[in-house]
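Take a look at the structures listed below.
Shared between the two complexes below is chain A, which pairs with chain B and chain C, respectively.
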Partner chain A sequence: MRREAPQKLTDYAPLAFPAIMLVVFFVIPFGTMISVSFFQRQQGGFYTPAFVFSNYERFLSLFFANVLGFSLMLAVLVAICCVVIGVPFTYLLTRLTRRAQIIWMVALLSVLSLSEVIIGFAWSTLFSRTAGITNLLVALGLMEKAVALSPGFPAVLTAMVYQALPYTILVLYPALVRLDPTLTEAARTLGASPLRAFFTVVVPALRATILATLIMVFIFALGSYLLPQILGRPQHWTLSVLITDQAIYQSNMPFAAAMAVFLVLVTLAMVALTLFAGRKRESAA
Partner chain B sequence: MRKILNSSISRRAMLGGTAAAIGALSMPSILRAQDRSLKVGVYGGYFKDSFDKNIFPDFTAATGIAVESIAEPTGEAWLVQLEQAARAGVAPADVSMMSQVAMLKGQSTELWAPIDTARIGNYDDLLPQFVNKYPDGRVAGIGAVAWYITLVSNTDAYPEAPESWASLWDPANADKLGLLALVSNSFLLEVTAKTFMGGTDALDTEEGLNKAFEKLAEVKPNVRLWYRDEAQFEQALKSGEIPMGQYYHDVTGLAAADGHPVRSTFPKEGGIQDSGCWALSRASDKVEEAHVFIDYMSQPEIQAALSRKVGTAPTLKRDLLDLTAEEFASVSSDIVPIIPRYDLYQTKSDWLNQKWTELIVG
Partner chain C sequence: MSGLTLNSVRKDFGSFTAVNDVQLAVPHGTFVCMLGPSGCGKTTLLRMIAGLDLPTSGEILLDGEDITAVPTHKRNLGMVFQSLALFPHLTVGENIAYPLRIRGAPREEQKKRVDELLAMIHLPGYADRPVAKLSGGQRQRVAIARALTRSPKLFLLDEPLSALDAKLREAMQVELRQLQQQLGITTIVVTHDQREAMTMADTVVVMNQGEIRQAASPMEIYRRPADTFVADFIGSTNLIDMDTDSSGRAVALGHAIPGLSAPGGGRAIISVRPEDVHLTAPGSDGTVTGTVTFVRDLGGTIETFIDCAGKQIIAVSTPRSRPEVTVGQPVGVLLDPGVCVVLDR
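After this line comes the complex of A and B, so read on.
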C-alpha cells in the first residue's frame, strides 16, 4: 500500500485532535509554568507578574547543583538497574508457555495498580527493624539481630526500581516477543553458549529498544518525590521534593516553576545526548 | 416514655400530635435559619467533621443562624482564594479558620475586616496569644483552635519520660529522633532559642538566627526521620522504630489511650503552641452574624466542649473553664508555651527556608 502525501487542507484534519490535545494539555500548562518562573516573588505574599531572572539566579548555586546532580544520578541508576533486571527477565518470560506468560503479566500489571504512597509505606515496613525482612534472616540464623535498612540510599533505590520495573518489562516485552528465535538458534548451532548467544545476539539486536527503555525509565524516575521522602534521608531528597516544598509549603510558585523548567531542560538535554550517542554508534557500526 | 405508651391515647393520635408539635416547634427556627446564615471555612477533614457534628448544630439551635461549613485546604491556598475573591467583592466564606502566618499575610492586604471587641463577651478572658492584631491595634482575628506539639517518646524504649527539649541534643539519642521536615511547621528554631538562648526574642536579629541554626545543626546526627507526613512518624513511634521526636500532643494522647506504648511530655521549656484564628473577610456582608459566631465560639462552655470533643487547647484562661485536671492535661498544660515567631515566617520566609534546607539536606 502506498500512502499519498496530503493534498488539501482537509487531509490534515485527522491531525487536529492530537494537536489540540497537545496544546491544551502540554503547551499551555508548560507555557504558564515558564511565564510564572519569571514572575516576581512577594515574600510574605504571593507573586506579581514581571520579568525577572531572580528565581533562576537563586537556583544557580552549589547547593542546588548538588541536589540536581543527585537526582540525575539516582534516575540514571534506576534506569540501568531496571534494564539490567528487565531484559533477561523479559527474555526468559517470552520463552515460557503462553499460559505462564499471562500469569506473570497479570502479576506485573497488578503492581502498577499500587500507588507510590502504598509502595513507599510497604517498603518502609519491610525495611524496618521491628517488622522487617531482617527479622526473617534472624529467624533463619543468618543474622545476629534485626537491623533497620531504611532510611538510606539502597532503600530508595530498591523501591524506585520496584516501581519502575513493570513499565520496563511492558516496554521490552513486544520487542522481545517479536525477536526472531532463529537468530539464537543459529548462534547456538555455531557453538555459542546460551549466555554468549544472549549477549552477542539478543542484546545487540535490541539496542534501539533498550535505549528507548532507558530513557523512559530515566524520565519516570526523575519525577519521583514521595519515595525519596519516605525511604531516604534529607541528602537523598530529589529536586522534585524541593520543588514540592517551594510550591506547596512556601507558596513560592515562581521559584518552584524556575526549578521545574530547569529540570525539564536538563532532562531534554540528557535525552538528546543519549539519542545522539546511540545514533553515532549505529552509523559507526 | 413508658407512661405515654401505656396511656389510653390511640397510637395514631399520639403520632399525629407529635408530628404537629415537632412542626410547630421547628418551623420558626427553619424560617429564621433561612433568614440568617453564615458560611464558615474550616480546615477540611477531621476539624470540619468534628465541628459539623459537635459544634455547629448547637450554634444554630442557640442563635438561629444556619451554618454552611466549607472545607478549606490547609496551607495558603485558601488565603489566595479569599484574597482573589475579595478583590472581586465576593466572599467564598464569611468567617474562616486561618493559620497565624496566613493571618499576617492577609493583614498586609487588609483582607480581614476588623472585629468589634465590645461585641465579644469574653474578649478580656482570652489568652493574649489568641488575639491577632493589626499593627495599629485593630483586631484582625480571634483564636479558634489551638494545639500543642510536644516531646513524644516510646515508653518501651524510654522508661523515664524526658524532661527537656535538650534531650533532642543528647548524644545518647543518636539516630533515634523523628522531627518535622520544614522550618515553618517544626518550629525548632523557637525550641532552640527557648532551650539554649533564653527565649524566642533571641531570634530578633540575624546574628541570633545564625546562632540558633548553628546549635540546631548539632541535632542532625540524632535525627533518623525528617517527616512531612504525620502517619509516617506516628507508626514508627508506636513500633519503637523511631522512639523519640516531636509530635502532636492530642493525637499522641489518643494513641496512648488505645494502648500503644507512647507518651507525650510537656518539656520544662514548654510545648510548642500552634493555633488558628477566626477571621472575617472584608468582602463579607455578614458582619453581624460573624460577630455572633465568634462571640459564641469564645464562651467558656464552648471552649470546654471543643477541648472534650475535638481535642483542641482552650483559648480562654483556665480558671473560667469547668475542665477537670485530667481533661485539661489531655489538651494543654500550665507550663508557659513556646509561641512560634510567626512574624519571621512572613518577613524572612525565603531566607529561613533556604538556610533550613541547606542545614538538613547538606
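After this line comes the complex of A and C, so read on.
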C-alpha cells in the first residue's frame, strides 16, 4: 500500500464525516456544559448567562471533597477487581476449545444486554435477608441465620464489578488470543510452574493491555450513578449521583455542570498519571 | 541405562493416532534427528518428551527414572521452539537469565552465567539489547543459549532453523553440532529437512504416520534403507519392481539380474541410488538396455533419464565417468548387485 502525506484539501475529505459527528455530538454539548458551569442560577427558575465562579466555589467544600474521593476510590477498586478477575479468567478462556469459548462469550455478552436498573434490583434481591443468597448458606449449614447484605459498600462494589466485567473481558480477549501460547510453554521448559509462568510471562507481556483495561474500567465505573443508589447508603453515593440530583431534582444546571467539568478534569489527570507511570516503568525496565 | 528411553509411547487425539507405540533408546550424549513429513508425529513425540503433552500410554525414562508423569518444569530440560518463544518484554540477558531468576539465584551468578553463554554463542556484549532488535540468526542463538542456561540433561529443538535463510541455516547446522559435541549433551532435533538431519545427527530417526520406520546412522539410513518409504524419503532413488522367475533367478526390467534374490523368492522392490546407476555401451554383459529420454547437464554432475521397458531410471554421474550419450540413443544400464538394496514390496 502507498502511504503519502495528504497534499490537497480534498485529501482530507474522508475525515469530514467523523469530524462532523465529533463536533455535533461531543464538542458542542461539552462546550455548552462548560459555559453553563459559569452561568448564574436563577432561584426557582433556570439560569441566566453570566461569567461567575460561584458554582466552582461551592464545590470546594469538605463534603464534596469526600464524595469525590469516595467516587475515585470506588472506581479504582472496581477497575482493580475487574482486572484481577478478568485477566486469569480470559487467559483460561482462550485455552478452551473454540466451541466452549463461543458459549462463554455469548453468556458474557448477554450480561451486557441487561440494563443497570435490572442489574441493581437483581443484586438487591440476591443480597436481601428474605430471598437472598444467605438463605442458601443457611440451608447448607454455613450460617446461623439469613442476613441482609444490602445496602452496603460490598453490595455496591459487587454489582459494579459484575456490570463492568464483560467489558473487561471483551477488551482483554483479543490481546490474550494473540499471545503466543509457546511463550508459557517455553517458560515451563525453563523451570517455571504454570502459575509462575503466568505471572512472569503472560502478565508482563500484556502490561500495556492491562493498563488500558484499568483506565477503561475506571472511567466506566466513574459514570455509574444507579447502582450506588439502589445498593448503597447515602455515604456510598458517588459524584455522579450528586450531579444527577442537582441537574434533575434540584434544577441547578450550572452547579451540576461545574461538578461534571471538575469530574472530567480529575479523570483526565488520573488517566495521564497512569499512562505516565506506565511509561516510566517501561523505560526503567 | 543412562540416556533417554521411550517404551511403547502412544498418543491418540480422539480417533487419530499421532504416535503409535514408539520404541526408542537414545544413549547419553548422542545427537538424534527425528525426520519425517509434516504430520508424521515427530513434534508430538518431542512434546511428550518435554512433558508438554501427556502420552496416552507407554513410559518415558530419563537416566533410568520414569518421568512420564513428571511436570515439564521439574524435568530439567532445555527446549528451542519453532517460534523461538523469546520473551518480548525482556532483554537478551534477562531472557537467558530467566531460569536462574525464577529459581532466585543471586544477581552476580546470573550475570556470570549470561556472560558465559553470550560468549559461547558469539554474541558478547548483547545482554542489554531488546530481543526485538536482533536479526533472525541472533534470535536463534539467544533461544539456544536460554535453553542451555540450566545445563539441562536433555536438549530438545523443534524445527529450530526453519525460519532462517538457506545459507545461514547451513552455517547454524554446523555450529549447533559443534556446540553439542563440546557440551556432550543428549540432543533431539525435530526436522523435515533431510540435509539438516544428515549434517548434524549421530542417529537419524525416520518417522511416518506415527511410527518409526528406521533409526540408524545417516550413512546406514542412506545406504541400507529399511523400506521403500525411507529409501524414497531420504535422497532420491530409483525404485524398480523385481520378480523371481521359475528357475529362481531375480528378474527386473525384463532382464535377469545375477547376484540378487528376493527374500522368500517372491516379488520385491530394488532401490538403487542414481549415483550408483552406471551407464555402459548397449548390449554389454549383465546390463539392461534402455533409451535416453532427457539429459540434465548441471555442470558438476549430469542427470540422465533413461526409459527401460517403460520404467524411468535416473542416473547421476560426473562428466568424466559417463559415456557420451544423447537423447534417443540406446544405452546399457548396469545394476550392480553390491549397491542394490532389495526391499519388501
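Throughout what follows, the second predicted complex is superposed on the first by the 283 of 285 C-alpha atoms of A that agree within 3 Å, B and C clash if a C-alpha of one lies under 4 Å from a C-alpha of the other, contacts with A are read in each partner's own complex, and residues count from 1 in each chain.
Please note the rule applied: a residue touches a chain if its C-beta (ideal position, glycine included) is under 8 Å from a C-beta of that chain, and two chains touch if they have at least 3 such contacts.
Fair warning: this is a prediction, and the values are worked out from it, not measured in the lab.
On the superposed chain A, the positions of chain B and chain C stay apart, so the two partners fit side by side. Look at A:18: by the touch rule set out above, it reaches neither chain B nor chain C.
Of the two partner chains placed by the overlay, only chain C lies in contact with A:182; chain B stays clear of it. In the superposed model, A:49 lies in contact with neither chain B nor chain C. Legend: residue contacts after superposition of the two complexes on their common chain; A:141 is shown touching neither chain B nor chain C.
Between chain B and chain C, B touches the greater number of residues of chain A. In the superposition on chain A, contact is made by A:124 with chain B only, not with chain C. Once the two complexes are laid on top of each other via chain A, the angle at chain A between chain B and chain C, using C-alpha centres, comes to 150°, given in steps of 10. In the superposed model, A:190 makes contact with chain C only, not with chain B.
In the superposed model, A:235 makes contact with chain B only, not with chain C.
After the two structures are overlaid on chain A, the closest C-alpha atoms of chain B and chain C sit 47 Å apart. Applying the stated touch rule to the two superposed structures, the chain B and chain C interfaces on chain A have no residue in common.
On the side of chain A, the complex with chain B involves touching residues 41, 43-46, 58, 63, 66-67, 121, 124, 128-131, 148, 151, 229-230, 233-235, 237, 242, 245-246, 248-252, 255.
Contact residues on chain A toward chain C in their complex (touch as defined above): 180, 182-183, 185-194, 196-197, 200-201, 204-205, 207, 285. Residues 50-52, 71-73, 75-79, 81-83, 85, 87-90, 98-99, 102-103, 146-147, 149-150, 156 of chain C are the ones that touch chain A when the two sit in their complex.
Those residues of chain B that touch chain A in the complex are listed here as 75-77, 80, 83, 104-105, 108-109, 181-182, 184-185, 224-226, 228-229, 231-232, 236, 239-241, 346-350, 353-354, 357-358, 360-362.
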